[in-house]
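In structure tokens below, several structures.
Presented sequentially are two complexes of chain A, the first with chain B as partner and the second with chain C.
Showing the complex of A and B:
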């Protein structure tokens, strides 16, 4: 009973803190809207670039334009959700550097939970706007008619994708517990891997495909689910793997969370 | 058995040794050597409930490290620490409920939100009842005049306002123990006095145990009957203020800017520092008055500017070493 009531309390606290974060962002009214519109347009821009590319080549690795749009939009969708909840983990190194991280350790709530509740990035609604529109358009253009189970796969892809990308963000932020600067790892590791996923996996050398499926499992964010949802195939990987995004997400996030907590322990032993 | 018990507490850091030059940098990729840095060594003390203790020392003495171990932020390398019957780093969340912390320059409030909202969030974080919240907010607002800036975002507050908000926030959940890290730093004279009065009231009326870290001797003199002095990780002195005051409180430092660098000899004063035209003279104000000293100096050289200082912790410690006062 105690366990459940503390979960309820935790959720209510989370909503309070998130509401506070939203109010804080809405203070900067101009920036708030420009942020959303900016992101929506930026992704739309990428989509236009794709269209221009494909105008000459008709298809890429056997993927038509609208299939590629679907692939891209699916990635942006779960990335958008991930940004809302986890993007501010990138600034963990700043908190540690400024000594403002300690406040999370003198309060009677879990430090990871507290840190996660500090920001609810509403600006990411721009990504969501674009991706929902793009997925809907692609769905219509490709004449898809998904049965319930495929909607389940879609949902699993979005949620699993959020956990996979969120987990990696959390993992990269944890580097700040060992050294001070973690932000550059985001640009060196995550951003390239993410960008790769905008295009069909079969495009890349086998070794790279292997890395992105088994080590940093971004393939489960959009490519593998897309295979299943669009009835496509891959030379060596079965499309049914695409159904496992949720499970993969949980495992990845679980591992990254543990490593973050290990980093926190290290911080408590070694100071900063 | 006090409310805070510290026994042979030690904290060591392992810092990777920096290797010289390019070859060294390459080598350090494969083989890291570590130097041990001892921040806190064999510190022991006991604080009773309701005491207000000054915890002082020069920069790098180990003050913050000790406080971090008492608040559960750092894990000690050796020794024991109990706060309110709990081991801070083992029962961090439970300990957090019985302590309040003010980190001096670093605010714990939500930066972008109106001040009052931070309090409302903390009410949720600490699960404070409506009644307790109302009561505390009324008290703090009355004494600290928080209502003057309830709606102002924390980032727009002046330092004095922010410190007032921070200390109120630290007491909102009625902790038994309060850790104050430099609570008056950067404040103007009026604000300092207001802060000190508030701290004293909290200690006397609510019986809150207060550990106060500060560089300002006036804070200590005004508030603390007991002072623990830490230097280079060790407790140098733990006792009443009157003993210190009797021995060192009478000394003053006269800083004179002479027209040109002159060797001055003065009876009753000691030249402790000299930088070009500027001389630092330490004297005992019971043996010689400032006026007399200034007269003597001006007999020997032309004074362009002067100022009078009370001794800082650093110079008191230096003096303590010179006179061999190291009391456990």
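Showing the complex of A and C:
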């Protein structure tokens, strides 16, 4: 019982703090809009690069331009949601090094919630703006008519994708409890991995496909659901795997959260 | 001469600092390799079942991507845009102006030191192995090597001038989001860093040809794989030279304005 009421209180506080964070970011209205437009523009830039690439080559591994845009935009959509809640986890190392992390431990809120609530990144609305527009355009251009269950798969991919990528960000931040480094790991491991997933997974060697399906399951963020949603096939993986993004997301996030809490306990004992 | 010795001292210090942060150099190399890997497989798939596209073979294209990634690895050891912006925002740059040296030159020489370390300990060994193991196109004559190195150096200086100019815009803009994105987009597409200009639609190729960015990666890469020779090569080098002068003049202009801006705020 204690556990549940603590979570309910935490959730209420979370939204309270999020509201404060949004108000703070809205103070600089020009910056607020430029930030959103800037992000949307930079993703549109990648889409333009894909267009130029396919101009002379027509298709990539049997994926047409709009199919590729769908694959890319699906990843950006869940990443956008993920950035809102979890992107600042990557810089946990800075808080630990500066000693400012300690304030998250002395307050009567769950430290994970508190750290999560510290920032609510409205810049991510740019990702959402781009990805919603791109998914819509691709849906029209590809002449898709999804039955209800496919909308369910789509929703599960977005929510599951958020949990998978959020979980991995939490995992990267947890490394800081042991090594006092995390931001670098994001830029060196997760950013390139995410970039690779913007293209069809079947491009890459088998071993890598296996890793991003079973170990760091980025494949469930966009590739596997896109196979199912666009009626495409993979030589060895069934497209129906794409229906399980949500379940995979919950498991990944659960594990990563546990590891984060383990790290936190370790930090406490070392800090004094 | 004494001036040069002063600036070389900055290179030496930067080299030593890099040596102290070896971990950074290796992690940078790691992500460089991942992107090389990714683009290698993308181009492999694009070329599957095709012979020559626009008169370019897969071997040439693969060599293009490898040398492009090598140059990007070298560029990546310099001061990134966000760091320049940070120096302006925090006011560190004002402290630099009070000192008896020229900041744009000082910063360039510091980057030389960082690059020398990164190049010798990470980029050179890795790419030597890659070129030895894979059957890639390389310059076949010493004059081609010289032209490649010259072109790559011009490309570096063009990028340096443009990047620093963009960074200095922070003096006037509170929020640099949009500016940053224009810079990164142009650098990634119009420079030919991942897609050579050969494969662009004609109108876009013409546009890219008249922008300074193609001089950063596209020209040296094309020289390296032997796609750019004779008259066209001379013209391309000349264009690079012109763009370097233009971007340097713009950098100087923006720098002098920025210096005034600091004096105004300081008084």
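In this text, the second predicted complex is superposed on the first by the 263 of 272 C-alpha atoms of A that agree within 3 Å, B and C clash if a C-alpha of one lies under 4 Å from a C-alpha of the other, contacts with A are read in each partner's own complex, and residues count from 1 in each chain.
One rule holds for everything that comes next: a residue touches a chain if its C-beta (ideal position, glycine included) is under 8 Å from a C-beta of that chain, and two chains touch if they have at least 3 such contacts.
Predicted model only: the values in this text are computed from it and were never measured.
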Clash or fit, chain B versus chain C on superposed chain A: fit
First (chain B), second (chain C), both or neither touched by A:6: neither
Which superposed partner A:24 touches (first chain B, second chain C, both, neither): first
Angle at chain A between chain B and chain C, C-alpha centres, nearest 10 degrees: 90
Which superposed partner A:16 touches (first chain B, second chain C, both, neither): first
First, second, both or neither for A:102, with chain B first and chain C second: first
Larger contact residue set on chain A - chain B or chain C: C
Partner chain(s) touched by A:238 [first = chain B, second = chain C, both, neither]: neither
First (chain B), second (chain C), both or neither touched by A:187: second
Least C-alpha distance (whole Å) that remains between chain C and chain B when both complexes are overlaid: 13
Touching residues on chain B, where the partner in the complex is chain A: 13-14, 39, 65, 68, 71-75, 89, 92-94, 96-97, 99, 101, 103, 106, 108, 110, 112-113, 117, 121, 124-127, 153
Chain A residues within the chain B interface of the complex: 9, 12-13, 16-17, 20, 23-25, 27, 98-100, 102-103, 105-110, 268-271
Residue ranges of chain A in contact with chain C within the complex: 28, 30-31, 34-35, 37-39, 41-42, 45, 48-49, 52-53, 55-57, 60-61, 123, 184, 187-189, 191-193, 195-196, 199, 203-205
Chain C to chain A touching residues, read off their complex: 24, 27-28, 30-31, 34-35, 38, 41-42, 44-46, 50, 53-54, 174-175, 177-178, 180-182, 184-185, 188-189, 194-195, 199-201, 204
